[in-house]
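The two complexes that follow have chain A in common; it is paired with chain B in the first and with chain C in the second.
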Partner chain A sequence: MARHCQASAGTRRAEGLPRIALVGNPNCGKTTIYNLLTGTHQTVGNWPGVTVERRSGSARLGDEKIEVIDLPGIYSLLGGGGEDQAVARHFLRDEEVELIVQVLDASTLERQLLLTAELVELQRPLLLILNMVDEAEDRGQRVDPQALSLQLGVPVVPMVARKGKGLRELRMALRSALRSPSLPQRPAWPADLEAALHDFAAQIDGARGRFLAWQYLELPENTPQALLAARAAAAQHLQADSAEDLADLLPAARFTWAAQLAAQVIASGGKAGWRQHLTRHLDRWILHDWLGVPIFLAVLYLVFVVSFSGGNVFLDFFDQASAALLMHGFGHLLLLSGAPDWIVSSLAGGIGGGLNLVISFIPPIGLTFLFLAFLEDSGYMARAAYVMDRLMRRVGLPGNALVPMVIGFGCNVPAIMGARIIDDPRGRVLTVLMQPFMSCSARLTIYMAFAVVFFRGNGGQVVFLLYLTGIVMALFTAWLLGKTALRGEARPFVMELPPYRLPSLRSVVLQAWQRLRIFILRVGKVIAAIGFILFLLPGIGWTSQGLRATDIDHSLLAQGSEALVPVFAPMGIERDNWPAVAGLVAGAAAKEVVIGTLNGIYQRQAGGDLMAQYRQVDLLQELRDALATIPENAGKLFSSLGDPLGLGDLANRDASIAASGASSETLGSLAQSFTPLTALAYLLFVLLYVPCASTMGALRREVGWGWMLFSVGYGIGMAWAVATLVYQWGTYAAHPQATWLWTAGIAVALGILLLALRRQGRHQQNQLRFQEQG
Partner chain B sequence: MEQREYTQELRTLGQLSRGARGIIHAVRGTSNEGKRLLVMGLRPGTAFTLLLGPDRRGVVLDSAGTRIALGREWLEQVQVRPLSSSGEG
Partner chain C sequence: MMQSPLFRIRDLLRDGESLSAAEIAQRLDLPQDLVDAGLQHWQRRGMITRVQTLVQAQVSGSSCQSACAGACAACVRPQLPASVGTRYRWRARATAA
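After this line comes the complex of A and B, so read on.
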């Protein structure tokens, strides 16, 4: 029978909303349920797919509104796992919540009940969601929710969350459980264990005494000094009749309870269904000893080439339509309202133009996010981690370091946070330091602008090559640090492989939308701020009379950038291409700004009557023209898919400019300022140099100031070295001596770095030895 | 309780072949490594079927309906008792 809590109405939050927390093992469908309940009413503070921090959203239960907390997947409240699981543990143990909702994968119920055994000991209101009952049936298992509810004394709701089945019943059950919450019934533990827990818990203050008693008995290292004697007495009592170690005896009790309960509520029969057969057959190929890695690389390649080619179908539409609305239309409105020319050009040209460039890249970025969400929900990502484990281990990392790396393709910030899933501190630091080299979506905007101009025929392949370079540099960094400053071995790989699932369209679209939203909001804010600076800096400069209004070529922006040009000369940036340097400097704040900066400068440099585009505007015709590009580009889609990794256009500047069909002044100016080779060197620098300000903040938070500063310095150094080497060797025939000189200089610098890192590693090991001896 | 017939012979995970069934006997190494397997539902007494491997990567096990991938370092660390083919897993 359920025991009912006294305080149902009195436990509401200060904000007035009752709060429920979703908890469960990884891959149990918790986030799908969170998405079902909250829809788009979510606080975006975490990267969907891998929940490493709690996130919250609001949901409606009839006329009542509640707060829903989504916690990272967790296997045990007692310990284990990375920092992400610690977040869930602390929340469940210490934070106020009206109802804990455990999501269980019905197809692996026995194992999922191990967490239930621990939650029950917390003695907080509990509701169970028996998710994926269709998969359990596919395994020939029928779970009886009523029997489970009766045994545990809490409501149990069967669901197939992926298909939205059971949502109505869940909402009703949540309403009812919030009105009259039930405390779960404790399992009937063996008598001596029950007695020991009872006596020990009586000596621990607070509401969680019973749970803490269990924790201290199983994990003695966490026991407070004041409770050591009480723990010893309880342990002695338990071990009086058993030769078994407590670390074995206590889990054994949970395992036995889970097995017995599962046997009581599951009716087995029938044979494994198609899903099991499919998983078995697919795994034979996807996890194949030799084919696993090529399949993984092929999947990544397909994702990016299809995203780029598919995105190209809509790219021109987004570009032209947003230019029509945000630049020409907006500028025209401002003119009509009597705004002076400088206001019109800075708002419509600067901010509107910057936004136009970013909006143009929404289709390929959105498609990339869609594919990544599909891969995550399909069950493939865990397999990819296992497949890559052997290779990752060679650079001293566990296979699951791959998960943050893939997230890093979207944004480096959540990828750095995603490294919390790695339970080994050394592996976590290495994984964090790799992330700035993963090519994020912001960098994609720059690649695409350059690809459109210089590599239009095989842009997908060039972009893929850049992504691959980022991966190689990330792995090289981990290997280098793992052999020098952060010596050690990766912990052995262990990971659950969920069955393959056809992801629900709603879930995939929602995840992709959340990521796109973060991207758009972040870019929007940055563009607005930088737009102002870009208006100011190009308009004033140092003259013989001091700081005065000047033309852009004599402005502060030009003067500062020109002073830095010599540093970038070895990678092919010439003096008159100072806007490229200005873009890199601004890009240290956020990579999206690089193109925005170039856009602002090139527009001003173009001179002429900048206001003409705002005076004569035929908005409807512009939008019609934009729409017409969709069928036109769709016709070209399939020809680019079959193109192999061809880089022929790299050598032929005229051909690439002719093929570019650059539609804006910025793209046209890019074509004038770079050659394909300098463009490639520039893109490599953009890929590898200092991450954005947000990434630097995340680095500092996760690994501290020291490693953050190292990461920034190392990134700039590597970016410069790689870009210089590419340019120097690409133009070797023109200046062989200089090429050898720069190469030798870079080799010497790398050698010095290696020695310094080894010294740091030895120093740290000595410190560790000293601490151990102390 | 389940009826299982298993041999008394102890082997390592790496000595089993694909499709074999067994029961975990012990996990050698530090207690932390044992705990990492414990939270995944693998502890002494747990029955499993070896679905893939052992190969250069390690093995994939099925335990109570859950597929778990273990890297090759575990092949020597996990001691098992093979279940005979007539036993009920």
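After this line comes the complex of A and C, so read on.
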């Protein structure tokens, strides 16, 4: 068997290893099985479209090593679906693989067998995994794997991959199938179809002749010129006794075969189990026309409020304990070892301070990830996409656009790539352009830092409001572009809804930990590095004698940032608060950098005070104090219920400083530099402006330079406008005229943008018309 | 020989009624996932259009002919998941073509 690099396919084949490919409908559990086989922890989710690219890993079957390919979910080898399905289709049709492993969701076997019908016609070694047999049984269906194996002539392995059941049997079956591969038996198609396929396939060269005959008969547009006559003859033969279109007649044959085969292998008659009852009862409310969206918002609200309130109990402990160990203890050790002050302050203050900041936010962020993983695994997120469908269609988007948006809560980059599940190019561009407004986990650090200082009692609600603002802005963007530059109608979609599953604790904790680990490593690395650099670099600034060493407040960084302050003055940034501007400029590279820069500057500004803390350290007492904050904060857990949104504190700087209990220099400096209102305006700016360089790169790759540049400019403009409006109207009484002037200016700018986008839309439509006429 | 489920779905919708996936599944005694696949096919072919119902009660009440006040099996069964609000209608223009 050929074992060589598949240069044309774009990825190098693992040298000398037998290769198996996991294929199946979306959300049938392929990635779970891939993780089981390879021991990796790729993201899985209880909704279709989690995997959008193929990935490869190695697995051991006893003493034998194999390569496992995980393909995006696919409904048909013949066409349809987004770019993700095209990836799977091309791989299965064109690349060398020793064994195709189709994963079937046993609870929806009839539908899954439609793909089997096509795979069988490929005539390549095949093995079937009958996954989720527990859910099928819960539906009152018992699938007989032996009967299915007998009918198809290929091995069938029953599994509950989510729980790891059947893995041993799968490994054994894979070994056996790789040693003696078996080709599937072709279905007994109706005689006229069989004859037409046979005759037509005989005219096509190559091993895939039979499959190509199917394809050309069903989708004639790709038929090569040389085969047009043979296709016409086959079509004439098939349509001699039928008025049906071949594009319907051939799929109809697969539907018949799937229904008949399922009837032979499924023993029904059992009663529907608790899962079915629960699904039916819950869906009556969760999928309700009018209640569905409010329920979704309520769930999201609860996630953030509970995460923040619950996280608050432990936040001070994490903050104070890590400050004691990483800053004071570490600094003390460095001093004892005779290190000079600048080394102590840059290592303990810069790196230690940065890590302290990241560690402080582990409780609320970890809880958020836990809840989101629970919702994803339970099957709720797929329903969120369903209920949002109507709202999405109003703004000209298909409902499955929500799937990338949900991914965007973690990181915008995979969310942008996730838009590949949308097969309509217009819908895909719109979905991609929405993603930068989704609050990623890097932004969560900034929200948390400000929430701890300014909205300690109601931080969860404020974070929820920011997330909601991001969603609203994303929908507004899609609506605006859908009505102007990207006019058209959303293509409808039928979405499979998975049953509700009680997620396993292991799976939820593992998923949350994966995200938290990435968050800690990525964010921690950046914040610590920036802190170190800002401590290490001597302040250099323009003085009357030219470029000279200065303190940080008179450095080039300060001078450059101060020059930009007037641009941000309408949103409440004052001249003294130049670190806020420096954070925004640096944060264009990555959002983690915003808080990293603030941390570095504030720590350096307070450098003198820090040294005293390193000289006299009572580590045990500090840890004891940190521990004491847990019961104290637990008592305050329900204090925020009386003021759900906590907006009463917006104008009160002193109250917020007192309430924050912020122990670190960074949080303390934040409290001195912002008011709650300017903090809110700043957070809105952070939410809406350029997400990060990686996201911009993903945007350019998916939709091109033009839309990427538009996204950057539009994001900055919107961020500035929203932050300015919030600050201006929040301080209306102090300067009513200025507020009206800024509002009018923003309205005019929005009007100009609208006109420009409409013009662009018309221009594109005219071009399209000319092309069609041409 | 049995008629293909794909054509049975089409024939039912061609009668002119707008139906939800759950109702089609119930009337044709087909699994809903197969009906979803069939609807996806006809949508891709441009033969059916999706309509949203304004009153959710129409979904469960439309097919019950008995005077059971909602307690019989026929009334309980239509209240299946994923049927809420979304219905499908055959496009007359496409039929003529």
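Heads up, the rule we're going with is that the second predicted complex is superposed on the first by the 618 of 774 C-alpha atoms of A that agree within 3 Å, B and C clash if a C-alpha of one lies under 4 Å from a C-alpha of the other, contacts with A are read in each partner's own complex, and residues count from 1 in each chain.
FYI, a contact is a pair of C-beta atoms (placed from the backbone, for glycine too) under 8 Å apart; a residue touches a chain by one contact, two chains touch by 3 or more.
Model, not experiment: these values are computed from the prediction.
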{"item": "First, second, both or neither for A:W513, with chain B first and chain C second", "value": "neither"}
{"item": "Most chain A residues touched (candidates chain B, chain C)", "value": "B"}
{"item": "Chain B versus chain C as contact partner of A:F476, first or second or both or neither", "value": "neither"}
{"item": "Which superposed partner A:A253 touches (first chain B, second chain C, both, neither)", "value": "second"}
{"item": "Touching partner for A:Y301 - first (chain B), second (chain C), both, neither", "value": "neither"}
{"item": "Partner chain in contact with A:L287 - chain B first, chain C second, else both or neither", "value": "both"}
{"item": "Contact residues common to both interfaces of chain A (with chain B and with chain C)", "value": "75, 80, 108, 110-111, 114, 247-248, 251-252, 255, 279-280, 283-284, 287, 289, 292, 386, 390, 492, 494, 496-497"}
{"item": "Chain A-facing residues of chain B, complex", "value": "31, 33-41, 43-46, 51-52, 55-58, 60, 63-74, 77"}
{"item": "Footprint of chain C on chain A - complex, ascending", "value": "75, 80, 108, 110-111, 114, 190, 244, 247-248, 251-253, 255-256, 258-260, 262, 279-280, 283-284, 287-289, 292, 386, 390, 492, 494, 496-497"}
{"item": "Chain B contact footprint on chain A (complex, rising order)", "value": "75-76, 79-81, 107-111, 114, 139, 141, 247-248, 251-252, 255, 279-280, 283-284, 287, 289, 292, 382-383, 386-387, 389-390, 393, 398-399, 423, 491-499"}
{"item": "In the complex with chain A, residue positions of chain C that touch it", "value": "1-2, 4-7, 10, 21, 30-31, 33-34, 36-41, 43-45, 49-50, 52-54, 56, 79-82, 84-85"}
